[in-house]
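Naming follows writing order (A, B and C), and every chain is counted from residue 1.
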Amino acid sequence: MENTALVRLTNVGYATSGSVILDDIDLTISGGDVLGISGPNGSGKTTLLRLLATLHKPTRGDYFILGATPSSSPEALLEARLRIALIGHYPSLWPEMTLLENVEMIDRLRGTGPSSVDPLETVGLKDLAGWKASRTSLGMQRRVEFARILNHIPRLLLLDEPHAGLDEAGRPLVDHLINKVIDQNGAVIMVSHHQYLVNPVLTRRGEVTSGTLQEIST
Amino acid sequence: MTATTFWKQVTWVVHKDLRVEWRGGETLWMATPFAALALLLAPLATGTDTALIRRIGPGMLWLVVILFGMTISLRPGSYDSRPVRDLLTLNGLDPAADYLGKSLAGTLMLFGVTVALTPIMIVLYAPQGNPHWVGLAVLAITGTLGMGLLGTLVGTLVRGLRVRTALGPLLAVPPAVPVLLATSRGTDSALSQGSILTWLLLLIGMDLALIILGVLLAGPLNETTA
Amino acid sequence: MRRPTLADTAPPKTPVLIGAVSLCLLVGALYLALTAPPDQQQGEAAKLLFVHVPSIITAYIAYGIGLISAIWYLIRRSMAADRISSSAIEIGVVFTAITLATGMIWGRYVWGVWWDWGDARMISTAVLFFLYLGYLALRRSIQDPRIRAGRCAVLGIVAFVQVPIVHYSVLWMRTLHQGATIIRPDLANSTVDSAFGLPLGVSILAFLSLLLFLMSVRVRVTSLEDDLSRRLGTDQPVGALIVPPRLQGENGG
């Protein structure tokens, strides 16, 4: 079943400034997979997500991420990147722009027109569309990031503690987004605390300890 | 990627940077008055000898534009935060388009500052001569473009470093010496109806070199995210 | 991991050999320079030429090596190329400083001023000095070896391309705006008579071999430094070193 794998990491390691962050990661992700990852502070969870997002290049090992490989062309890398979305620790909003502009700028960069459904309405921020991002809370900014992704459902969605800052009402948005990706045969990898990893939407669970990934059988 | 989307990305970056600067505006609206203040102070330091002041006016204008303009090129608003840069990378922004767009946005701001400071310089220094306005405008455009390109390149080199506010000008000003000479000496020539062609060619050569280098090196530079 | 032994820090044979050769050449050049007859116009001051000219030639060659190895780094991502590039530029800055110092001393002696604004070459050399001083400053400010290597390679290339642009702009400032250039002695253009040719040639050779020697030492020192930081570091993943907080008074802890 080689061709259905979206992601394949073989013996992947990452080191920086002489210190090893990740060591010997083997991972295969196929369409429909929702992998939840936990692990103690500093174990390398965020670095693993950045490797999967092609934002860091592994310092050893072999990888295949939506067609991007260590020797792939810039075009193939770009193809892969356009189908990856990452929600990281810190919100990726321009503080000087309004919430609506923050969504629209990305649409314009990708060259897509406005969608039929207003994504800010879906995430419950329609009435605050004209607010500058600098006036809003972390949870609201998270919702704006979700709204951006709703306009371009990725093949591979990477979430780094997406529940952080979200209130009770906002939390179901995470599952909504995951389901949207799975509906289109994509895959999701979510780093989170144990409490969110009991979620039935997850199909696989793993733990990063001392730089290696261990899958927990469910 | 096709050529049209490359230039669309360039205009997208110009649009974004100008909007962020317009809203935040911290540097532009502080650098310009401060530069005007420097124009007022310089004759106090050299002594208010009218003949001398008349002669140094155009040179002072360009010195001030280069020193204070570098702080505009290296403005905080031109640094996208790391999460934003990740977002742009994943949404397919070409690093070369980013470089050109940022440089053009910087150039527009620097040109605006130059235009704003010119009447102040004329009032304070009363330079003599019969200016060739078209020649001066072309000098100003090619000169500010060189500074915009240099500022963006250096801004990327010092991105994320703790010492970037001190290091940026040290890196950006020495290579801007040709811009200072070409604009100030060229302005002198234009005021006395002399030829500015040599200076113009120098600036165009430098702009082209920085465009080619910046586009070629944008990819490797983008990998060094700190 | 093997423990370092004394043999690891002993210099290899080749740099010692180059060092010996450059020492001989330097002694020879010094002898020839001191015994050369004084210049008719400038007297003994003209002998600064034997340091001034070789040092600027060496500096340009060092920056050229810096450029080529910077390009090599960007193609191959080889840390050896980064070491060669940075060592060459570092030494180039030292030789540029020597050029400026000897030029200023000479100017004081012959023209009566330390700094002469009529000398385009001195002005552009001073700008060159600051250009590459910035390179050294950038290098010091970045900790991560790969980020440092990448950014410094880019700056090494950009700086080198700026050198001729700076040089011509300063040159044109002098020639376009002075009615007629005053004819007067100029250090780098001193008429090289036959008595000066030999010591100058030997001196250039001596400086170039000195560049090779200093580079081989510098490259070796940086590679030993990298080695040391690797040995002081750990093979264990960082995550394994972080343990749960030890809270006093809880569970008898």
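Keep in mind that, in the parts below, a residue touches a chain if its C-beta (ideal position, glycine included) is under 8 Å from a C-beta of that chain, and two chains touch if they have at least 3 such contacts.
It should be emphasised that the depicted structure is a prediction, and the values quoted were computed from it without experimental measurement.
Visitor: Taking the mean of all protein CA atoms as the centre, name the chain whose own CA mean is closest to it.
Guide: The most central chain, going by mean C-alpha position, is B.
Visitor: Select the chain at the greatest separation from chain C, using centres from the mean of Cα atoms.
Guide: The chain farthest from chain C, judged by C-alpha centres, is A.
Visitor: Averaging only over C-alpha atoms, locate the centres of chain A and chain B and give their separation in whole Å.
Guide: Averaging C-alpha atoms per chain gives centres 38 Å apart.
Visitor: Taking the mean of the C-alpha atoms as each chain's centre, how many Å separate chain A from chain C?
Guide: Distance between chain centres, rounded to whole Å: 46 Å.
Visitor: Give, as an integer number of Å, the spacing between the C-alpha centres of chain C and chain B.
Guide: About 30 Å, centre to centre.
Visitor: Could you list the positions in chain C whose residues touch two or more of the other chains?
Guide: 144, 146
Visitor: Multi-chain contacts in chain B: which residues touch at least two other chains?
Guide: 223, 225
Visitor: What residues of chain A sit close enough to touch chain B in their complex?
Guide: Within the complex, chain A touches chain B at residues 53, 55, 57, 74-75, 78, 81-82, 84-86, 88-94, 96-97, 101, 105-106, 108-111, 132.
Visitor: Spell out the residues on chain B that touch chain A in their complex, using ranges where they run on.
Guide: 1, 5, 8-9, 12, 16, 19-20, 23-24, 77, 80-84, 86-93, 219, 223, 225
Visitor: In their shared complex, at which residues does chain B touch chain C?
Guide: 153, 157-158, 161-163, 167, 170-171, 173-175, 177-178, 181-182, 185, 188-189, 198-199, 202, 205-206, 209-210, 213, 217, 220-221, 223-226
Visitor: Which residues of chain A touch chain C in their complex?
Guide: Interface residues on the chain A side: 16-23, 39-44, 208-212.
Visitor: Using the touch definition up top, name the residues of chain C that touch chain B in the complex.
Guide: So the residues of chain C touching chain B come out as 74, 127, 130-131, 133-134, 137-138, 141-142, 144, 146-147, 150-151, 153-155, 157-159, 161-162, 165-166, 168-170, 172-173, 176-177.
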